[in-house]
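For reference, the structures are reproduced in the following blocks.
One chain, subunit A, links the two complexes that follow: it is found with subunit B in the first and with subunit C in the second.
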Partner chain A sequence: MNALLRRLLLVEWSGILAAIILGSALLAWLSPAFLTEFNIYVMLRSFCVALLIGFAQMVTLAVGQMNISVGALGGLVAVLAGGMMEKMGVPLAVAIPVAIAIGAFCGLLNGILTERTGINGFIITLATASAFTGINLGITQSIPFYDMPPALVAFGSDRFFAFPYLLIAPIIVTILLGIFLSRTIPGRQLLAVGGNPHAAELSGISRGRITVLAHTLSGALAATAAILAVAQLGSAQPTIGSDWLLLSFAAPIIGGAALTGGHVSVLGTTLAVILIALIENGMVLAKVDPYWVQFVLGALILAAVWLNRWRAVTTGTD
Partner chain B sequence: MTDETIIKERSRPGFIAGASAQIGLLAIVAVLWLVFSTLAPGFTSPINLFGIGRSLAVDIVIGFSQMVVLATGGMNLAVGSIGVCAVMATGFLLQDAGMPVPIALAGGLLLGAALGWLNGFAIVKTGVNAFIITLASASLFLGAMLILTKAVPYNALPPEIGQFGRMRIGGYVSPLLFIAIAIGVALFILYRHTLLGRQILAAGANPRAAEMSGVPVGRVIIISHTLSGLLAATAGMMLVARLGAAMPSVGGEDWLLPSFLGPVLGGTLLAGGSVAVIGTMIGAALVTTIRSGLLVLQVGNFWLQLFLGLILLAAVMADRYRGIFLERRSMGRK
Partner chain C sequence: MRLSSDKIRGFAASSILAGFAASFGAMGIAQASDNKIALIPGGPHPYFAPWEQAAADAQKDFGIAAVDFKVPQEWKLNLQTELVESLAAQGYTAFGIFPGDAVGINSTLTELKDSSIPSAALAGCAQDPTDAAFCLGTDVYNSAYIGTKELIKAMGGKGAIVHLAGLLVDPNTTLRVKAVETAVAETNGEVTLLQTVADTDAQEAADQKINALLAAQKDEIGGMIATGYIPSVVASKSLRTLGDKRIKFIGIDDDQIVLEAIKDGFVSGTMAQNPYGQGYIGAYVLDLIASGSCTVKEDAVWIETPQTKRFIDSGTLVINADNLSTYKDDLKKVTTDIQSNFKDKYLNCQ
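What follows is the complex of A and B.
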């Protein structure tokens, strides 16, 4: 029994999975509205953007960096994409790749600044976050772009039974990211640099290039999240991204990522986002104050950090 | 190897190095004042100077509340949350509990210190990065405050609070500015002349070496976070005086950027082990000047964020290259 517990503890996402199963069972038992088709659709839909936000932070955590500007970058991309489509009449098929490229470029900027100056990524991305938000607000004067292409809005709201079409994007991204991190050379190098920068450099990996790569990827993922958010809301709001910061760290860290780098889990992050979506949904069903979401998310991060620490000590992997 | 040398070199900037950075910063502030007062005559009007002084006082104290944790090599993302919790606690004590003003203020400050202590305690006990603990606690504190107050502001505070906020000494100086300067003097003495201050800096520069030479590193970190909470609460009290009301929207994430801008512009290192009390005050002056100047020029608040971000970037990069330059020069001397 003890051996079994130990083996379960070694699988880092076992706790989250248990929490998800327990939570779903509890909600299904307490609220008849929980298992309805519409509620499952709502939950899956809220899961889409959140997952990509979590991934955008996860790839920077993988190299031991952080990206405070995920939300600001997402907001900027959202209004730029919205502006392109509404004011300049750019077709959807062009606007989306361009928007993702802008996001990747902003990330590249973060990466180059961090790498070239050798300054802590926290302070660099704090500064660029403010700059991105400034450009966003300067362009829009806080007024959203409402006139989005119908195809995009339909993609954001249509569904096949309980399956929102929006979910297709995060599924593709999850598979690609999983393959990238586990099967490709740059992906392995990313984790190697995060795990031990010195050893990675000695084995011929360019630490600077990998850091820049992680930030660029983070920018592209945040931009993808921003486009999904625009599709979901049906308009390009300048406030998109303003509440992403906490969530972006919560998902990978609850999923077992180490802030020191080198250790991230695509599956863990995905499960963490499912758990967060479940909790938010449960609170809506229970009609509690929306302020509780913030409180619980904070408590959840602390609990996850404590649990990870306890697990490391118990299993002796510390 | 080279990285280590740089860190060593940078964690003990010489007196001249620190002073030259601050003089440079002061020069930038002076130039900006010249520019703004030429472009907009309203900039130096008594009413605007009074306004600048009042927001400068708050910016300085917010900067201090971040600086005291940066000294230990940590950071406190919860400054805004702690500040707003203290604000609402004071509002509650004054309006709902009917407490006299001194007790209500003390209650708010005490709550701030207690929340800061909680942060420090959690960081030391779990050994987890200060970043993640304070990110989580920021959300926890803010959430709890919103749940308890239902985000309803306290508007019916005793009138003497608002009167204090509007008070002018000599026509255009706010008494709040004197409070901020007094706190600066106290912090300067703490870090320069007391054992505790030296211990904090030692723990920040090299925790292991400090531990081995008998510095209680854990206790020092907890004290620093408590102080940070207390200072954040003080900034909150100043805002209560300025607004004459306790608003749930005054803190939160809005404090994050200014709290880092002041100390980092002033030359406090993120790596820990150094503080720049005067630098933080000048850094805050730069932020306040730009904010007020853009407002008077009617550029609008929208572009302000961009300017602040670019200035922070420019400042950290200038600091970085100055460090490299100084290091090269000192190596040449050898």
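What follows is the complex of A and C.
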């Protein structure tokens, strides 16, 4: 039993998993509503967009970069997709791939600017974030696009028991991203460049090409998150993405990603997003005083990070 | 001969110009003032969209040289004040401002006053002591109080309610919380306040919080009141998704999603504010003050609020299934009433 526990503790995300199990047990005990079908559906639904936001940042962290424009890019794609469907009558089957392509293009732009200018990606994406938000507001003048195709709205709200159909997209993306990072050459090169750029270059890997690839992938993932947000909200709101930035960093970092690059965890990020969704849901269920919600949220996230850190130190995997 | 012919031509041209001027004057198209007025919200928000039309209408109706709707790029005090200063430098002569930061905006209003540029707080008030000439907005306390009363009526006078509030850092949220609590307290225990869910001013956060609330306490909740634009929209959509017409809901503002939910019976009503009237009347009064023909009457019958002693209620009414198609006319009437009586009630004019 002890050997099993020790082996489990060696896994880097086991601390987060323990926090999820403890938190779930506590919430189930505190509130009978926690395990109801509808509440599980609500949690899974809020998890969908958050996971893709976490992944969008995770792929840039993998190469030791940051994408500050994740939310702004998502907001721009959301209103462009909404505008295409409402104003131009573009069918859903065309609008979605075009919107993802626009997101990838914006990411490509981030990557090329970072690579060609030699300026840190943090600065470049800070600037492009402002530009993307500006285009968003210029197009919408802060008025949402309301008339979304019924099929998209239904996809965002319908469910099979507690399983929201919206969850299909993040499941597919998680599997593809896991395979990409662990089984494909560009995926491994992404981590190699993040881990030791000099060594990677000496091995013949083009650092610039990989940086551009990471930003492009990040843009496509943020765009996918934006489309899911439009489906979830039932309208293309210009405010989509405005509060993504903190979450985009929190999820991969709690999940074990190194800020310096070279190490990310798809499973760790997924568990971190589950933990954050759980804590946010628990705040409402436990009727926490609204003036103390932010404090409790921060304290619980810190506690989860500490638990994982304690695990790493105890098992010597620090 | 040639000279005489030039004279004739000159006389004819002058006569034509004079004739044009006389006819324009008679038609009332001539500009009444040279003022350039800017209406500035705290940042981009659909609530302020009617200000654009209000600015255009005020410019036309009152013959003002320019009334422009200018939006700061983000909800940040520094961006708003930079915009105000830049427009003042470009020659704008009066400002109608929504103070995103009720205290922080005051130094900018003082700067304007020092340069003899009048300003007024529109849609929300600046905190006293302030150099804003007056505050024209929704009486947020009264609106939340009336809304809660309306909700209690829809619930049959008993049950448990939830308050969906906006940003906690907004002082108006505290007023709204108090208003809801007061209306609940007046029922002598027949109605209880189950929970206040706040900081629901971002779409995705509101979606998560409101759905989690409904998941946890759907059966205990008899009614909900939203006092913020976004939670109002999100709750309307959530109740529609749930297919729940048992829970009574009163929202705020007239977003299309809320109005459709009222039409289909998922929402009992919504508290209309009067953004158009705020912009239209604000521009009219600022023009009078900036022209120097009127000053604010110190001893007018102002409404005193916790924020300011010079408050004017721009009007609020409940939109429900009965007046869904006519509420815009009702609001227009409110606007006309306030505008036509404004000079007498609140100004000293030459």
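One rule holds in what follows: the second predicted complex is superposed on the first by the 278 of 318 C-alpha atoms of A that agree within 3 Å, B and C clash if a C-alpha of one lies under 4 Å from a C-alpha of the other, contacts with A are read in each partner's own complex, and residues count from 1 in each chain.
We take it that a contact is a pair of C-beta atoms (placed from the backbone, for glycine too) under 8 Å apart; a residue touches a chain by one contact, two chains touch by 3 or more.
What you see is a predicted model, and the numbers here were worked out from it, not measured in a lab.
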First (subunit B), second (subunit C), both or neither touched by A:N196: neither
First (subunit B), second (subunit C), both or neither touched by A:S142: both
Subunit B versus subunit C as contact partner of A:G134, first or second or both or neither: both
Touching partner for A:T174 - first (subunit B), second (subunit C), both, neither: neither
First (subunit B), second (subunit C), both or neither touched by A:N281: second
Which superposed partner A:T315 touches (first subunit B, second subunit C, both, neither): neither
First (subunit B), second (subunit C), both or neither touched by A:N120: first
Which superposed partner A:S24 touches (first subunit B, second subunit C, both, neither): neither
Which superposed partner A:S14 touches (first subunit B, second subunit C, both, neither): neither
Interface residues of subunit A shared between complexes with subunit B and subunit C: 133-134, 137, 141-142, 291, 293-294
Parts of subunit A lying in touch with subunit C, wherever the complex brings them together: 31, 33-34, 36, 38-39, 41-43, 45-46, 49, 133-134, 137, 141-144, 146, 157, 229, 232-235, 237-240, 242-243, 277, 280-281, 284-285, 287, 290-291, 293-294
Sites on subunit A touched by subunit B in the complex: 66, 113, 117-120, 122-124, 126-135, 137-138, 141-142, 245-246, 249, 253, 259-260, 289, 291-299, 301-302, 305-306, 309
Subunit A partner contacts - residues on subunit B that touch it in the complex: 75, 122, 126-129, 131-133, 135-144, 146-147, 150-151, 253, 256-257, 260, 264, 270-271, 300-310, 312-313, 316-317, 320
Residue ranges of subunit C in contact with subunit A within the complex: 44-46, 48-49, 71, 73-74, 165, 168, 195-199, 202-205, 207-209, 211-218, 230, 234, 237, 241, 256-257
